[in-house]
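Consider the two complexes below, in which subunit A is the common component and subunit B and subunit C are the respective partners.
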Partner chain A sequence: MFTEVKRLIRFALHYFSANLQSAMEYRGAFLSQVVFMFINNLMLLFFWWVLFSKIETLNGWSFRHLLLLHALVGGAYACQALLFGGSFSLSRSIAEGGLDFYLTLPKPVLLHALISRSFAAAWGDLAFSLAVFFLTAAPSAGLTLCFLLLCFAGGVVMTSFAVLAHSLSFWLGRSERLANQLSEALLSFSLYPEGIFSVTTRVVLYTLIPAGFVAYLPVRILDEFTLARVGLLLCFALALAVLARFVFYRGLKRYESGNLVVVHAAD
Partner chain B sequence: MPVPPGKVSSMQLARGGAVRKYLRVAEISLTNRLAYLADHLVSSIFLILILFIFSQLWKTVLGTEGQIAGLDSTRMLWYMVFTEVIALSTPGTHSLVSEEVKSGDIAYKLVRPYSYILYYFSSHCGEYAVRFVTNLLVGSAFAYLAMGPLAVPWAKLGWVLLGLALAAAINFLVSFSVALLAFWLEENRPFFWILNKMLFIFGGLFIPVEAYPQGLRLVSYLLPLRYSISGPALLVVNFDYAFLWQLLAGQLVWVLLLAALVTAMFRKGVRRVHVHGG
Partner chain C sequence: MAVIDVKDLQKVYRTKTKEPGLRGSMQALLRPSYSEVTAVKGISLAVEKGELLAFIGPNGAGKSTTIKMLTGILTPTAGTAQVLGLVPWEARRQLAYKIGSVFGQKSQLWYHLPALDSFRLLGSIYEIDGGEFAKRLAQVVELFELEEFIKTPVRKLSLGQRMRCEIAASILHRPQVIFLDEPTIGLDVVAKLKIRELIKRLNEEEQTTIFLTSHDAGDIEQLCKRVIVINYGEIILDASTSYLRHNYLTTKIVNVKFASPCPELKLSGVEILKHTEKGVKFRADTRSRSMEDVLTELFSQVDAADISVEEPAMEVIIRDIYARPAGEGEQHAAG
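Coming up: the complex of A and B.
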């Protein structure tokens, strides 16, 4: 089993490297995307800076918490976009018969579809995430490792949620817009502090739209580390990934080939 | 072969006179969008999501007594209804133009009997009208249910509509000028990202620019974005004649300046178009 896992990790790394080389082919465009994405994210913090110049805290959330939240969500999003970029267009592949390519190859279909794409601009998200984290937390090596783990777990939650949303296409047909809006909802809720939401909304944000596991719980972990919280986050991420995999393969039984003959190349 | 520069640009601009033609373009665009009304309503889910988050935020921050820039929590949400409706209703005309310039398809449009800029402006207005009405209906319904009604200045509705119309024109001209950068740059998408985020800040998308520290407020007063997003929204929720005159003056200045810029960019850019047979 370990050999198989090692082989899959190596397979994913090959794709990651190929996607990176492909993006670097146009170095100017790559760098401009990264730099502009960094600035783009920085500007998102402006609103909070203005707001926190007028108030001290927001139901227990300070500006520092907000910065950590943005660092974590930026890192989680970068993880999804860089490692599992195919999750953004899964429903289109399903509706247009684009999974044919993956079905003919001796690799896990879902993993292959997810890792086959990567978004160069997300390097800007990663740079933003790390910069904000280092400036805010002045971290030790251990805390940095913990931060990277939390970002990865958040990325797995975001990817699994996207897979679940996009898998609706197996049953509903073309539902790309719905899937995108659900993913957008997860990202949007993740970018606002938990303290502003009512109890009912928080229940939703820890279950149906799991922003709590992408943003709120990781911020608490960075603020006050406990193994129980880390364990809870990792268990949730793993369980959601297993559920997403189950739903995808269940839906795949309903998949109909598009009889498309296309050249498949890394974007 | 290269397109004769003087000829094309003067032809393009001289064709701007036939108002009826452009009204027809706007009407076609409007009718096209009406065919996808259900689609628009689905897109409004994002608007509800953002308004929901901010209704919770303003309730928490301002409670029942607090104010920011003279607006209480109810009016802050209504302010956001209008800023979001303006921003979300702006069609993606710029991406079409950008793609046409990059792919060279613009050459097909240049030989048609209309001004390229006015054609897209008319089309933009038609689509904007449909989006604006549907988004406003959805946004207003949500804000009414979440925070209660807004005291609408019905008697001054004409002034408000004028402010909103000029705001739409500024939005079009700003994004069109960025789209025209495609004549010179291979990749102009990052400029749109930045423009979008500048709308957040200097357009006052989430919070009126009047709430900013003095230096930033001054910068936003000097840029067109405040006149296209924050200004008209503030006028609706907090109507005041002194502010109205200031807003309209700023809007008119920016419409003229940006129209001159777009025309100059288009004239210069179109000289770089090379038409090849095929």
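Coming up: the complex of A and C.
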């Protein structure tokens, strides 16, 4: 078991390196994507800065909370886009026969499909996330480790949610747009402070669209660390990953392949 | 012992049907209707170790679906199959270490990276350790003559070079059986010849069993000893290539461009399709007269600047097989 996990990690690192090499083939495009993503994220914060310059708090959320929220969501998104970039196009792979390649190789199909792509622009999200975190929290080594763990857990939640949404294609046929809309809904809700939502909406955000586990709960953990909260977040991330895996493999039994021309090119 | 053993393999797809036009689309939205399409209708075949088998048929005949079932990509609706003693759709990952596959329309190479990087990644996927990988890579590079372009990004390779890399990538882990689905698709004549030569060497030097699908009659004639023809999901011929050659690949269309004008030409036993001062196009039937005879007679009258020979299209071969009296073309012993 341990050897198998070690092998899978080595295999994932190999893919990560190949994706990075592929992205860096076009130096100008790579660097500009990273820089513009960083600026794009800063612009979002700018609007919140304007708002919070007029009010102290928003239903219990201060500007500091909001900075931490954006750092955490940026980190979680970077984790999904850099490590599991295939989750953004799973639906297309299902509908167009793109899983054939992974099915002919001796590795787990879902993991292989997820790690096979990586988005260069997400390096900008990662840089933004770390910069905002360090400027906001003036962190210790322990807090930094905790932040990275929370980002990773958030990334797992986002990836698992995307896998569930994209797996609908096994039953509905081509439903890439629906899957992308669901993933974008998760991201959008994650970028707003929990305090502005009603209780009913919050229930949805801790269940059906789990923005609470990507953003709100992690902010609370950074604000006031308790093991119970960390445990809850990790358990939810793990459970969602297990559910996503289960649904994907149930769907895979319905997979019908396809005949489109396919090449491997990183974005 | 057969390395591939297939019995009554069947694949049925359920597809949505709709009437044409907007009204049809609206009806399908409210009340969808489905029909069943049988892509493979209970085929049976056995392939022995070291065989180089052609599995041919027109578009939509069921070739790719059969290969996808034999590689574990698709689960059949009915029937059984074993590849190297394993049921592909049940032991897919275990089987993947023992087989290789190349789908002509789907690349396994990274488009922006040199083929060498893809090879290294595949080495990691197949868990080939460093020393063994270096040794195997050197063998493959030599066998497929990749030295010149192995460090060039794949996007800059010609289609022929890319296909050589694709096949090389699929044999790094020393598969015992390799499935080649249309490996010469889209290639020019020179590249096709090179790929055929490499497939032959792979079969002879590494004793790899090769299951080849192709649309190109030339691939079969030059490479395989046995051919299985599939159409509408059914095997309509399982015979030796020499049987196919003598009975179905007999008509050739020959195009000759003259080196100097030749207003008059006499060729017996062929059907002249077009003749001008600059060239001639004719149809020859090798059953009535050998190509060597025809070309000898031709060259005794003219000097040729260029010459090309077209094989009959797959559709024509299939039509001929159906046109033969029942039983004549079916299940001829190969060899």
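The rule we apply is simple: the second predicted complex is superposed on the first by the 258 of 267 C-alpha atoms of A that agree within 3 Å, B and C clash if a C-alpha of one lies under 4 Å from a C-alpha of the other, contacts with A are read in each partner's own complex, and residues count from 1 in each chain.
Following the convention adopted for this analysis, contacts are C-beta pairs under 8 Å (C-beta built on N, C-alpha and C of every residue); 3 or more make two chains touch, one makes a residue touch a chain.
All of these numbers come straight from a predicted model, not from anything done at the bench.
> Report for A:227: first if it touches subunit B alone, second if subunit C alone, otherwise both or neither.
neither
> Using the touch definition from the top, say if A:29 reaches subunit B (first), subunit C (second), both or neither.
A:29 contacts subunit B only, not subunit C.
> Would you check which partner chain A:5 touches, where first means subunit B only, second means subunit C only, and both and neither mean what they say?
A:5 contacts neither subunit B nor subunit C.
> Is A:39 contacted by the first partner subunit B, the second partner subunit C, both or neither?
first
> Examine A:100 and indicate which partner it touches, taking first as subunit B and second as subunit C; both and neither are also allowed.
In the superposition, A:100 touches subunit C alone.
> What is the contact status of A:192 with respect to subunit B (first) and subunit C (second): first, second, both, or neither?
Touch partner of A:192: subunit B, not subunit C.
> Answer with first, second, both or neither: which of subunit B and subunit C does A:59 touch in the superposed model?
first
> Let me check the overlay on chain A: which residues of subunit A are in contact with subunit B and also with subunit C?
none
> Using the touch definition up top, name the residues of subunit B that touch subunit A in the complex.
Residue list for subunit B touching subunit A: 39, 42-43, 45-46, 49-50, 53, 56-57, 59-61, 68, 186-187, 189-191, 193-194, 196-198, 200-201, 206-207, 211-213.
> Looking at the complex, which residues from subunit A come into contact with subunit C?
Result: residues 7, 10-11, 14-15, 18, 21-22, 25-26, 97, 99-101, 103-107, 173, 253, 255-257, 259-266 of subunit A touch subunit C.
> Once bound in the complex, which stretches of subunit A touch subunit B?
28-29, 32-33, 35-37, 39-40, 43-44, 46-47, 50-51, 53-55, 58-59, 177-178, 181, 184-185, 188-189, 192, 195-198, 201
> Per the contact definition, I'd like the list of subunit C residues that touch subunit A in the complex.
Of all residues in subunit C, those touching subunit A are 13, 16, 64-65, 68, 71-75, 92-94, 96-97, 101, 103, 105-113, 117-118, 120-121, 124-127, 153.
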